[in-house]
Amino acid sequence: MASVLEIADLHKSFGGIAAVNGVSFTVEEGEIVGIIGPNGSGKSTLFNCVLGQLQPTSGEVRIDGRVTTGMRPCDLNALGVSRTFQLLQVFPELTVRDNLIAAGQEHCGTMFSRLFGPRDAGLGPVADRMIEFFRLSHVAGERAGRLSYGQQKLLDAAMAFMGGPRLVLLDEPAGGVNLTMLGDLRERLRAINRERRSTFVVIEHNMDFVMSLCTRVLVLAEGRIIAQGSPDAVRNDPKVIEAYLGP
Amino acid sequence: MKYLVKPLFAAAIALSPISAVAQSTVYIPNLAELSGAGAVSGTNWRDGIILAVEEINAKGGILGRKLDVPHVDTQSEASIARAQIQKMIDNKPYVILGPVFSGSVLPSMELSKAAEIPQIMGGEAAAITQRGNPYIFRTAFGQQVSMPKIANYMRDGVKAKSVAVVWVNNDFGKGGRDAFVAEMTKRNIKVVADVSTESGQVDFASDVVKVKNSPAEAIFVYTNEEESARFLREARKQGIKVPLIGETTLLGQKVIELAGEAANGVKGHVGLTADAPVPALQAFGEKFKKRFGYANDHNGIKGYTAVYVIKHVTEKIGKFDSKAFAAALHGMTITPAQEPGILMEATWDKNGDIDRQSFLGEVVGGKQKIVEILPKAGL
Amino acid sequence: MSAFIQLVVSGLATGAIYALVAVGFALLWQTSQTINFAQGEFVMVPAFFVLVAIKYWGFGYWPAIAVGFAISALLLGAAFKGLVVEPMLRHGVLPLVISTVALAILMKEAVKDFYSSQAQQFPAIVEGTDLDFLGAVVSTQSIAVIVVAIGAVALLNWFLSSTLTGRAMQATAQNRNVARILGIDVERMILYTFLINGLLTALASFLISPIYLAKFTNGETLGLAAFVAAIVGGFNQVRGAVLGGLILGILDNLAAAYVSAQYRAAVPLVVLVAVILWRPQGILGRVEERSV
Amino acid sequence: MASAGLVRGTLAAVTVVVLAAGPEFLRPSQLYLVSLWAVTAIAAMGLNLTLGYAGQISMAQGAFVGIGAYTVALLMQAGLGFFPAFLAAGVLCFAVGWLLGYPALRVQHHYLAFVTLAFTTLVYLLLRNEQWLTNGVYGISGIQRPTALGFAFGTAARFYYFCLGIMALFLGAMWWMIRSPWGRAFMVLRENPVRALSLGVDTRRYTLLAFAIGSAVGGFAGGLFAPLVQFLEPNSFSLGYSLSLLLMVIVGGAGYLFGPLVGAAVAILLPDFLRFTEGYYLLLYAAAVMVLMAFCPQGLIGLSERWQANRRARLAAGGER
């Protein structure tokens, strides 16, 4: 069986400057892969290329063995690929519950059935379970824009799971979240990984978070993978230390 | 929601029983282009009406009743004109005055016809009186009357074999252009340049280039006031030598004022003018200038005489009866001897078209000069 | 051929005016993301300030022009910034667009209600004599318009690139936060931009009104022309706006003469749409960086 | 605050009763005005979908009203009944609106505003210049009012009910759609298109749909406009009309179901009740819009919501003390 995600020799340059410079790796089902690296090492660009927000200059992306290079994000999402963004991306004027339904509704039925079918696209119970799972019940009817930062971050993550994705790419899920919430988030992600066999790729700066969550870590510097392996192995790799601290 | 309810309640309270119009006045509303593209014409028309109403009311009104003439703006838009005339009709007017723009007359006259209320208006489009509407009356020539006069002048006065026509692309300009071209064809005069211009256009270089490059022996200019002035300036600048011919507007006061020297030498037909060698018209022009501080154009005369038509007809039928009024005015001739306010003898036919003398004129030294008086067309 | 030259020369004179208006429009956009839908009215109104000064306050031509510039800078520059743009900036682009649409209506109605609905003659700086130029006739007025307009833009360009204040303004336009870090008084620079726009539109007004007469509806075509010129040339470049203005002026004349007089208004718009769809940064513009 | 819902319900009921009893106390000109309000409100509702819910600025709604109106007038002249013509107006505008949506896929905000503005001017020029089809500047008059099942809506009062009925129908349909997943998709398109796309929302399709449906509703409004005014001329559908529809949507409250109704009422009904401002209404309206934008860009409904929220907060604070 093919890997969930295969990336082969991916390049992306902006006006001659290579942001991603020949990255190849694979992710197997059920893995939680962390990607770390200094600022500007090409992590977010890599995500954007995988997810169709940017067109890679060259190289190939395969999801479940199928070539998806250049596909639109919404079509990728239909294949079961979901993501969160580095900066908060919720729909501030919609309620928490509507945010979640909106995040999953395009996976339910056809355009036609969505117009004439149930108002919640049949997702009400799923959304309610998700709200409970992420402990947002007390704010379920609030507009997302009025939630605290941490709550929005949780909602942001929860939205990524609404469509029942096979593969979720999380871009700095822990950024700006306080310690208590951080533990919560980690626990939730692990639970989903366990229960649904969802596969995660996580970009994160918070080393403790990455090391305690991920099964494998890739280190990116100047657009290339310079090291990979178990969290402990990577932590002690001299190349990684050099990349972070400079030569 | 409540924003909706409040005004409606206000309506219910304020407007439910319409108090009968006080017997001491008679309601003759005026609908005019007080803003928008037709503002110059509409304001002249309104001021002519104001002048006449003041005179008549000072002398005790008509049959002992003072005239109540509110002025309502169409903003030069047909849909607003229609809404406003409906509002007037709700208040049961005796006669409706205006509007001036044919584009506003056409939709509004259906309503006055349905309500059987005479409408005396300033529109000149041929179509207005071709629909068998017994309640519509003109105060100036329709284009189907004035264009043959221009055409005759082109043939006999200018002796042109080929002409250019410059027109403004709205209902006024297009209507005139269509009537003019038809008359030219009848007289075997070739239209060698047919130039459409925009209302509000400022740069006429390309239009002048076009007529200049055509073999036209005369140019007929049929646009609104400011555009006429701008065209004349550009034409003089580019050294157009052939005669520039116009119909009323082009020789009007406003155009002469705005175009300055460039207006000199313009010739054409003038339906109505304060500069005509008719003492009554000249006296009116002075009165007008004294009252409003600016020189009137033909629309001022149209508005002024419209009110005196009402006075004369009403006194003749001896009552305020809208239907009788319309019936009486068809086929009627009013002379200045009978009613000095009519200024010039005029006749209305069964369609509501007007017939009277008109003029051939020329702009000389920044003034309109009348060179010939044309007899009534004898409709 | 002389006809063609005539069209180009006349188009240049009109285009120079468009350029002045478009430059101000582009400056406002750069420094404060203001899309001014009342820009055409900003050109219409200063002529009436001068007319009021002449007619009611008995001023001579030059004092009246000076008063016109002063009132324009005050009302169309400072007051516009303080009372209209500033309270709106935190709400985003759309409310400001709506507000300037309303402002355009307000200015037109005010001139109509409180001055006159009729076109007014406006005194010219130079007497209109006609000169022959390669078989085309050019009035000295048109030449004066072109010379003054180009001079003003050149002066502005020099100011922006060679003076300390000008460079500070450009820095503000490029990146407000960086400018602030560099110690530039960003608020003051933005105010300067608004004042310059007020003065540019006033200048355009005084140049164009003697030829085209002053009327409350004049802004409608001018404003549209300014948008088109600014976008076609390049929204974020003074040079682009100038080029756009000149192209538009010539294009309008050529279109009316050689394409269709009835559809003359359509030609610049078709060009506009084509530019927006295929080269949104304009002919001379830079690509604005977008982040995902 | 159960009473807030009660107050709203009562107000809605009173409005319905007052409108239903309209012909009892309104004069013909006022019936016409309220009918015009209903038609304009439908047009504004369409724009509210495109702009208020889906976040795509459009300065072309007036052009779609024009296309719809001319379609109905011309098809009726050609002998078609009102209802097929009315349907055709909506379908045609749906198709044209779909096409106009394509630029919105490439550009946003002010660029989109200019593209739609250009479209409006082009439509106006076509209506004016293609005299063989539209009768050009002379306009089309004598448009018949519809007959349904042998019942003629000829009189002012009957047509008044007809217009209000159709408006209620559209209001209901809009309410229903906004609450469907489609409505949610439009809103996330407005709120955050990039995120929406990553969640599987085909933003391209929904952008085109938002334009197409909004334009179709505008076309239907035009289909009513023609038999209401009974006279069409190109000038009625120039840029100014599109801008005033845009103002109505914003003034009433973009993205609120009842926003367009309130906005259209301010622009159309209010002048009739503020006669003392005759001549200065537009001036005052423009000034009021500017003030509103500065203090509450959510429009009048947003303002009333804010006011209610404040009052609730005050009451709550008072209750605690």
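By written order: A, B, C and D. Residues from 1 in each chain.
The rule is short, and it goes like this: a residue touches a chain if its C-beta (ideal position, glycine included) is under 8 Å from a C-beta of that chain, and two chains touch if they have at least 3 such contacts.
The structure displayed is predicted, hence computed values, not measured ones.
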item	value
Chain closest to the middle, measuring from C-alpha centroids that were averaged per chain	D
Most remote chain, CA-based centroid, reference being chain C	A
Whole-Å gap between the CA centroids of chain B and chain D	36
Geometric centre distance via CA averages, chain D-chain C, whole Å	33
Mean-CA-position distance for chain C and chain A (Å)	48
For chain A paired with chain D, centre-to-centre distance based on mean C-alpha positions, whole Å	41
Overlap residues in chain D, where contacts from two or more other chains coincide	128-129, 194, 279
Multi-chain contact sites of chain B, meaning residues that touch two or more partners	34-35, 169
For chain C, residues contacting two or more additional chains	262, 265, 292
Contact set on chain D toward chain C in their complex	57, 103, 106-107, 109-111, 113-115, 117-119, 121-122, 125, 128-129, 194, 243, 246-247, 250, 279-280, 282-283, 285-287, 289-290, 293-295, 297
Chain D partner contacts - residues on chain A that touch it in the complex	51, 53, 72-74, 77-78, 82-83, 85, 89-94, 98, 101-108, 111, 114-117, 119-121, 159-160, 162-163
Residues of chain B that touch chain D when the two form their complex	1-5, 7-12, 14-16, 18, 34-35, 73, 77-79, 82-83, 86-87, 89-90, 103, 106-107, 110, 125, 127, 169-171, 173-175
Interface residues, chain D side, partner chain B - complex	8, 11-12, 14-15, 18-19, 22, 25-30, 32-33, 36, 128-129, 136-139, 141-142, 229-231, 233, 235-236, 258, 261-262, 265-266, 269-270, 272-273, 278-279, 300, 304
Complex contacts: residues of chain C adjacent to chain B	3, 6-7, 10-11, 14, 112, 117-119, 121, 128, 130, 137, 139, 208, 211-213, 215, 217-218, 220-221, 252-254, 256-257, 261-262, 264-265
